[in-house]
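Right after this note come the structures.
Two complexes are shown next, each including chain A; its partner changes from chain B in the first to chain C in the second.
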Partner chain A sequence: MIAVISTAVFVGIVGLVITSSPSWPLVQQDFFDAETFWRFLPVIARAFVLNIVLFLVVEVLVLTLGLVVAVVRNLPGPVFFPLRLLAVLFADVFRGVPSLLIIYVLGFGIPGLQLPGVPSEPFFWAAVSLTLVYTAYVSEVYRAGIESIHPSQAAAARSLGLSQVQALRFVVIPQAVRRVIPPLLNDFIGLQKDTVLVSYIGVVEAFRTANIEQQAHFNYTPYLALSVIFLVITLPLTRLTDYLVARDRRRLLAGAR
Partner chain B sequence: MRRALFSVATLAAVLLSACTGSAATSAPTVGPSLAAPSAASSSAPASAAAPSTAPASADACASPQTLASGTLTIGADNPAYPPYYEPDASTAPDAKWQLGNPLNGQGFEDSVAYAIAKAMSFSQDKVAWVPVKFDNATAPGAKAFDVYLTQVSYTADRTKAVDLSDGYFNLNQAVVALKSNPISKVTTVAGLAAFKLGAPVGTTSYSYITDNIQPTKAPNAYNDLDGAVKALQAKQVDGIVVDLPTAFYMRDAQLTGGTIVGYLPTVGGSPEYFSVLLGKGSSLTLCVDQAIASIKADGTLDAITQKWIYDEGAPALK
Partner chain C sequence: MTSEVVRIEGLHKRFGTLEVLRGIDLALSEHEVVCLIGASGSGKSTLLRCINLLEPIDAGRILIDGHDISQPSVNENKVRQGIGIVFQAFNLFPHMSVLDNVTLGPRRVLRVPRAEAEREATALLDRFGLADKRNGYPDRLSGGQQQRVAIVRALAMKPNLMLLDEITSALDPELVAEVLNVVRELAAGGMTMIIATHEMGFARDIARRVCFLDGGRILEEGPPDQIFSNPTEPRTRQFLDRVIAAGRM
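Right after this comes the complex of A and B.
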């Protein structure tokens, strides 16, 4: 109850300060215009379908490829050194270079080579770029998970007669993945937002649609509409992440306080 | 968990309440209407006036006050680019003029400048040229020229700093493509609809595609001109729509194997246009407007536009 009252008072004060500013009517018209908001919300929401498709395709690829890279990076023995080196290089490069640059280079560069049989669709190359960048991030998350499983687990599995691969598949990875689900979801919220970067190579998705309307009407309200759409999509995921973290914590503590 | 949901609900409520109750936005105001170069201007003097005689309808324009008495000093950017200012065919560029040489009278704006000078009773040998950077020309302050012609688009903002004449060239939209693409054979606006098109955002080009060409494939949009050029080279789009002067620049400077499919008809509203620039409050502004009206009325401007723009590989799309 106290929390409700204090929140209401806080929001009230902030609202009063903002709306009493002399240029508020101008700002309201440029950023919070009701008519513009409701006119463009459906238009932008339709364009947002493209972002969702991109996000879903990339997410599936990233979950699989990220695990592969993480496993390769943890391969034992000197024989696999070149593969390990490759995995390290991959993670370093694609985490270190801004996503936008990778999208530009792959989206305009590779189609520019005019190689036979290679698709030139910007959407395709946007998906490839985001997959590469987020695979690099997610592989590191997986790796942290795998390394957090105590070596005694793998050793115990081996002593029970499981092969190295079996120990990884049935003992280490299931525990590791469960542990890293919250940070994985965190990366996916980032991925959802980064889908707007594909607009830079010509794809007219939700951000570009809002951008075009903003340019045409000199009004920033379409951006507000897009922000609301993003919140509607990302907030449930954010809450789910919080819930999973809390549940994990309860389980770990197993009733102990 | 519940508290978190509450904070979300509050945030949403604030956003929505901020949106309600505001006045409906009015459509952005458009610039003053203009007489297109091809249209006869209502302020034109009697067309009976022969091109060689000055249309001295106002006393001030009979003996105009110029920087150097008896001479009209015309400014242009340096380097001055074709097709606005053509370089000399045989000789090396003048030391003063790096690319196009205004002194030779060849090129679109070069020809317009001499035509305006003639209409103001300055013969060819009474015209002096001075190189002035575009940014300096459009900035407020004293000018080293009487008039300035270098693709200055009319905007209401610029008129706070300088005087801008009536338009002498409308910036029609045009389609740029690679010669190897089948789109380069298209001769009608309707024929463009089957192709994948692109345009930079923040321009009227993109809305021209969606409103007037209405292609069957969703058009692409780019942050800047270079993005559109890259997409054209990567064959991600068949053609890009930009204004005609930009189309010339793309074809001649940015693309290899590029071509202008054609320029598009003006639809509704008033397009951007090029104006002659003069110092703020110049006594010559009225005279230049009269001169432009005169060369529009007698067909001189149409002939110059035909020769230097449309015949230079930019046919009309029907």
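Right after this comes the complex of A and C.
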């Protein structure tokens, strides 16, 4: 109850300060125009379908490839050193360079080579770029998960006669994946938002559509519409992630091993 | 003359600069039960882990059924199939039901069909009073139940040698007996076993031979009556005096 009153008062004061500023009417017209909002919401929502498709395709690829990279990075023995090195380099480069630069380099650079048989559609290279960047992130999440499983679990599996690969497949990875679901969801919220970056190489998705409308009508409200669409998609995922994190912490505190 | 299941000769094991095992010689014939006693850090666990190839050894030989398993060319997965090990901390797979814990080895390693593996596992669980737990998960079981499942999991591979590594040390005192009774039953059934334990009373009545480990060597070995009542080495006497003082014997 106190929390509700305190929140209402706080929001009231902030609202009053903003709306009493001298240029508020202008800002309201440019950013919060109701008529513009409702006019462009359907247009932008339709363009947003492309963001969703891009996100879904990339997510499936990232979940698989990320695990492959993580497993390669954990391969034991000197024989696999080159593969391990490659996995480390991959993760370092694609985590270290801004996503936008990767999208630019691949989206403009590779089609620019005009190699026969190589696709040149921006959407294709957009998907490739985001896949590479997020595979690098997600492989680190998986790796942390794999390393968090106590070695005694692998030892117990090996003691039954399971090979290294079988121990990983049946004992270590299933436990590791369960443990990293919340951080994985976090990365996917990031991925959903980063789908707007591909507009820079000419993919006409929701952000680009909002951008076109803004320039045509000298009004920023289309961006507000897009923000609302994003929140509708990301908020449930954010809440779910928070719920899972809280549940895991409760379990840990309850004294589970 | 019964055949020899294990023969260990001059086994050395080092962790970095720390020499944990310094020349272990030990042989077990079929159906024999040997208990390893000694202070923590004397090398009991390491010895068992070496026999199961969970630790590479630095010198010496280990022969299982006459085959030298310390050769680099040996197929370690094959060797481990025939040797069951039970750990102090149970190490059950928490994401699998009791039944899946027990059938994992037979199904994935021995390639036993699922239905058959589950039938055999259920029979084993039943034998050790765990049939009603088969669909439960490890975190729902008491420590004693978990450890019995771990024993069943090892038995499901039909090993001809069992290594028990302080399997009651992590248990509440009232749960120790149910686990030790399982081990007694195994011994009565003729299982060859090497048992590292701090339960001296148990060692006394189950072992044919007791080995006292001290500083990575078997300092003294013999029948339990001799070791416990009339040890020749002063270090053994000292250790047993401390155990008695702690009320553990």
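Rule of thumb we're sticking to: the second predicted complex is superposed on the first by the 253 of 257 C-alpha atoms of A that agree within 3 Å, B and C clash if a C-alpha of one lies under 4 Å from a C-alpha of the other, contacts with A are read in each partner's own complex, and residues count from 1 in each chain.
Here is the rule we use: a residue touches a chain if its C-beta (ideal position, glycine included) is under 8 Å from a C-beta of that chain, and two chains touch if they have at least 3 such contacts.
For clarity, every value in this text was computed on a predicted model and none was experimentally measured.
Trainee: For A:R239, decide between first (touching chain B), second (touching chain C), both and neither.
Mentor: A:R239: touches chain B, not chain C.
Trainee: Does the superposition put A:L160 against chain B (first), chain C (second), both, or neither?
Mentor: Once the two structures are laid over each other on A, A:L160 reaches chain C alone.
Trainee: Which partner chains sit in contact with A:I146 here, chain B, chain C, both or neither? Use first/second/both/neither.
Mentor: In the superposed model, A:I146 contacts neither chain B nor chain C.
Trainee: Looking at A:S199, would you say it contacts chain B, chain C, both, or neither? Reply first, second, both or neither.
Mentor: Touch partner of A:S199: chain B, not chain C.
Trainee: Applying the document's definition of touch, where does A:D33 land relative to chain B and chain C: first, second, both, or neither?
Mentor: Touch partner of A:D33: chain B, not chain C.
Trainee: Would you sort A:F218 into first (chain B), second (chain C), both or neither based on which partner it touches?
Mentor: Touch status of A:F218: first partner only.
Trainee: More residues of chain A are touched by which chain, chain B or chain C?
Mentor: B
Trainee: Please write out, lowest number first, the residues of chain A touched by both chain B and chain C across the two complexes.
Mentor: No residue sits in both footprints.
Trainee: Quick check: in the complex, which residue numbers of chain A touch chain B?
Mentor: Touch residues, chain A against chain B: 3-4, 7-8, 11, 15, 25, 28-29, 32-37, 108, 111-112, 114, 120-122, 199-204, 208, 211-212, 215-219, 221, 224, 228, 231, 235, 239, 242-243.
Trainee: Touching residues of chain A toward chain C in the complex: what are they?
Mentor: 152-153, 155-163, 166, 170-171, 174-175, 178, 256-257
Trainee: Could you please specify the touching residues of chain C with respect to chain A in the complex?
Mentor: Those in contact with chain A are residues 52, 54, 77-78, 80-81, 83-85, 87, 89, 91-95, 104-105, 108-110, 139, 153-154, 157.
Trainee: Going by the contact rule set out above, which residues of chain B touch chain A in the complex?
Mentor: It comes out as residues 1, 3-8, 10, 12, 14-15, 18-25, 28, 198, 201-202, 206-207, 218-223, 227-228, 230-231, 233-237.
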